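Letters are used for the chains, namely A, B, C and D, taken in the order the chains are written, and counting of residues starts over at 1 for each.
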Amino acid sequence: MKRIAVLTSGGDSPGMNPAIRAVVKKAIYHGLEVYGVYRGYEGLMDGDFRRFELKDVGNIIHRGGTILRSSRSERFKTEEGQKVAIDHLQKYNIDGLVVIGGDGSYRGANALHRKGVKTIGLPGTIDNDINGTDFTLGFSTAVNTVMEAVDKIRDTATSHERAFIIEVMGRDAGDIAAWAGLATGAESIFVPENITAKDKMIDRLNKGYERGKKHSIILVAEGIGTAEEFASYIKEKTNYDTRVSVLGHVQRGGSPVAFDRILGATLGGKAVELLMEGVSGKALGLEKNEISIYDYEYVFKEKPKHPIQVLCNLAIELSI
Amino acid sequence: MKRIAVLTSGGDSPGMNPAIRAVVKKAIYHGLEVYGVYRGYEGLMDGDFRRFELKDVGNIIHRGGTILRSSRSERFKTEEGQKVAIDHLQKYNIDGLVVIGGDGSYRGANALHRKGVKTIGLPGTIDNDINGTDFTLGFSTAVNTVMEAVDKIRDTATSHERAFIIEVMGRDAGDIAAWAGLATGAESIFVPENITAKDKMIDRLNKGYERGKKHSIILVAEGIGTAEEFASYIKEKTNYDTRVSVLGHVQRGGSPVAFDRILGATLGGKAVELLMEGVSGKALGLEKNEISIYDYEYVFKEKPKHPIQVLCNLAIELSI
Amino acid sequence: MKRIAVLTSGGDSPGMNPAIRAVVKKAIYHGLEVYGVYRGYEGLMDGDFRRFELKDVGNIIHRGGTILRSSRSERFKTEEGQKVAIDHLQKYNIDGLVVIGGDGSYRGANALHRKGVKTIGLPGTIDNDINGTDFTLGFSTAVNTVMEAVDKIRDTATSHERAFIIEVMGRDAGDIAAWAGLATGAESIFVPENITAKDKMIDRLNKGYERGKKHSIILVAEGIGTAEEFASYIKEKTNYDTRVSVLGHVQRGGSPVAFDRILGATLGGKAVELLMEGVSGKALGLEKNEISIYDYEYVFKEKPKHPIQVLCNLAIELSI
Amino acid sequence: MKRIAVLTSGGDSPGMNPAIRAVVKKAIYHGLEVYGVYRGYEGLMDGDFRRFELKDVGNIIHRGGTILRSSRSERFKTEEGQKVAIDHLQKYNIDGLVVIGGDGSYRGANALHRKGVKTIGLPGTIDNDINGTDFTLGFSTAVNTVMEAVDKIRDTATSHERAFIIEVMGRDAGDIAAWAGLATGAESIFVPENITAKDKMIDRLNKGYERGKKHSIILVAEGIGTAEEFASYIKEKTNYDTRVSVLGHVQRGGSPVAFDRILGATLGGKAVELLMEGVSGKALGLEKNEISIYDYEYVFKEKPKHPIQVLCNLAIELSI
């Protein structure tokens, strides 16, 4: 292993830059050459490569997004696309590739691995929806971003005695909603993982109002419905003053929190070590507070078993 | 003047609490008694008063929203409503009232003033849309909140080479959009004050892309249209990848920045001084970095003349 | 179990309030009565108790410090002191006590447990120096606070081409220094756990300067020496421009990050459950991402085995 | 005017980068060429110049410090030093120079101006100690940084019932102490501008404790003494538990707040306009919320007349 490359793919997440930095610095520290590949698999197919030196990753550890930029690629799902990419890698004599991204990115990394390119995958997504890791790169930052937004909204909810329905990211996974909900004392949390009866929310709202709680916060992961839908339901069943907020893309950005920087450093460093040992086809993560190493196939096999329901139940007990 | 009261009315803003704290502490410092009136004019009509001691405003200087809560009141616009309120004030022997709120709140304060209740108005609104002051209480915090959100969105805009259209508060006033736009290097800013030709935005987008600028931020004050409308226009005229974000209620919250805390302290303190001198019917503000004191009528006469256009023009020059 | 109490003891940490909130709300949810004990064991001996209702823990989840206030108590180490405390608990018919604090606080909780008072301990300290848990309540917030401060100092270090020596908390444990150092790309980290040769720091400084790196950040945990001592050493051996910063008490404060709020909720909730089951004499924590439950004796037996050295080594590799 | 340059000098401040960005972008927008001069006057004498394009100031508006780096230069105070600098400027055909810095930097700019180089000065310092402007670039950010630190320290002060003495920057000017003190509800503020009797602080401490206020915050600008000195004084006169914190270099860093970004944009833009009009020898600022333009000599004539005492007095009234 003389020369490796790194790319970021799929939705960007805060934590990608610390991971890129770790891959580049660790590799150079151990005498390897490193290439940055721009715009994910698109750049891999276009040959959009650049030799990275230490200074290229200077001053990025605290920056959100990804300096390598990212993309989603349909073309790379084809045999043709993969062939072109492999040709580029061979032309540059690149022996190993670190792929930072979500589930879709891992599928691309697996395809390359099966065709003989050594690849290691790092879980870069805010959604925490990757099997084999308790936490993905960027998830903790996103949770804190949502938490700070909800803290602000609670200011105004309290001032006006309103019920706020706040929609957060999470198409398939309720992790952001559950964590942020528990962290902000949300009165109800709705996640894609289970169909909580909406009528219980109304019960809790009513009971809260009876006890003198004049405002409440309801968190909704986008995968279970829109904030507007939940607001309509409340308006239909009660006469409480409701407001809706869709947090949107702000959730993807921001300077990574310490945990994501350290996770990026740890997994980025480990990826280089594994490539140097000739390992390929593995997805890294953090499980039970230790680095986890799984075959891509294992990761694809099922959804992660995060304790979403436990967190939501606790949030409800603690929001009386 | 032995006994005064304070209320907050209309949309809450971060800066109200520092102002409440200043009114209460300054009054007690000078031997007055102070009452907090809850829920704005609604509480004034309901007799929802509470005697405030120093400890009631302890630990609130850094909190968003308003501990007095707020409301909008149709009832108080009637003679009947005002009469009831004045009865309550008389029952409590309250000689002066500090009203913290926006334009509508000032109209209520003016009505009371004309009927013999001594009132002083403080400009509490994030919108910066009050005549006679360069800055309202909460505006600076809101601008910084928007700025931080846009900084985060730029992370992801840069990572994906997208045009982001971000909708911010401002029904009649473009101050938040203009300030936050200039502060974040926005490529285009749309405000209610003038009809900027949308086609120039397309020109700038195209020129930016030609120069290699693959992402851009467009700020839209809600009063000039929705972010969705602007996104549709861009999609119609170009093939750039666009995304929309509506920042929403998060803009009203958050711990007040230093400027708003100091403005609250300064104006709150001055309001008490004026009431002690027997002054009534005045709206306070900060103009040319000094406390301004105007009759309510002056404030109602016209819209504020803030240099929105100057800021927007500068933003455009600096976003090439 | 009908009636429980909760106290915070030792140095305050951000995460204590979310834990207090969880204890109180969980208890009330399950029909118990709860008392807050003020000023730690001092208040326990003085009978400084107050019945807590839901509203007493409203709006505290996001606040640093501890609403119960804290203290260090010599008096409670005596038989006499403990006897007085137990008398107060009996007078109030309090059957169980949740103690939130560090190692010293656990010793007090253990003494009470041995004398028949049911106690559960939660690890409330920023230092992360408690055996049997991977993370203490407040540690994550402290790391992020240090990280943000170092990020700011790096701005000025870069602008002036200086070596900054930054002293952080940690008398016996280097966890804060190691985590924050890795999260900020520090060039050297000194911790109490091992005597790193100072001359290697000089080597790295020299090599960095040769490679064009004109500034560097050196993190020092207070337990291994003062920042001034390290600065003197550098000045003696090199002619680099150095500056010193002692972060100080700011490290204890601040709104808890999401992780500390969730840890507080989880452990606080669990503590109540255990007391309801009649369990006593246990210290709770989070190990391998699951709640850990140990006898106090186990916790006292040895120092925690956190991977400080691994983090420091990685930081050095990644700071080339 | 075809070609201009920009440098930053003296202590760095958050607001320098937005000003650099504005100078570069405005100049290029109007068809000028721009050079960045590194390391202030040192770089000017060393010919450390680089042609700047738009991309060189991309993504810097939100960054603290100065991308041009800064220095303090003794050499430039000599005729010889100035001659070498002018030679470099002539070699590059640079017609105008924007100098961003404090009082000392203005003296250099004035020397160049007298020798025929067109210069415009922008007030870049966190200290707010420049005559002719109400606010310097970076001051507002520094005030907010101090405010956030004090907010955090108050968490722990409250939790332990302590008096905290906090030392902030300000050798000659108490602006940071006064603003941050009023913004955080500090109980006492000591500034270089006047010798407040220390015994009054003791009086206030005692009275506060009698009223039940068990903690207090005392802000000390470094120019009036060290925090340690004030702590010793308190310990001598009372038996309160005191703690000391020296905020240090963190005050210079951080992402600029909106106000500093807008001030940088406005003054940077104006500097280019003036140079294009052939103006030289002027210091820009913001006075009474409008751009101020003064001869350097005016600025040197006296200390700024900021209402430090008014703010300190108000802070004391409001901290009862």
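Note that in this section contacts are C-beta pairs under 8 Å (C-beta built on N, C-alpha and C of every residue); 3 or more make two chains touch, one makes a residue touch a chain.
Being a predicted model, the structure only gives us computed values, none of them experimental.
Touching chain B and chain D at once is no chain at all.
When you average the Cα atoms of each chain and compare centres, the chain farthest from chain C turns out to be B.
Judged by shared residue numbers over all numbers used at their interface, chain A and chain C contact each other through mostly the same positions, with over half in common. Taking each chain's centre as the mean of its C-alpha atoms, chain A lies 39 Å from chain D. The geometric centre of chain A is 28 Å away from that of chain C, both derived from CA atoms. Once the centre of each chain is set as its mean CA position, chain C and chain D turn out to be 35 Å apart.
Among all residues of chain D, those that touch two or more other chains are 151, 158. Screening every pair of chains for touch gives A-B, A-C, B-D, C-D.
Taken in their complex, chain D has these residues touching chain B: 21-22, 25-26, 28-29, 54-55, 59, 61-62, 134, 140, 143-144, 147, 151, 158, 179-180, 182-185, 211-212, 255, 257-259, 261-262, 265-266, 269, 287-290, 311, 314-315, 317-320. Looking at the complex, you find that chain B touches chain A at residues 8, 12, 14, 16, 39, 63-66, 69-71, 145, 149, 151-156, 158-161, 164, 243-250, 252-254.
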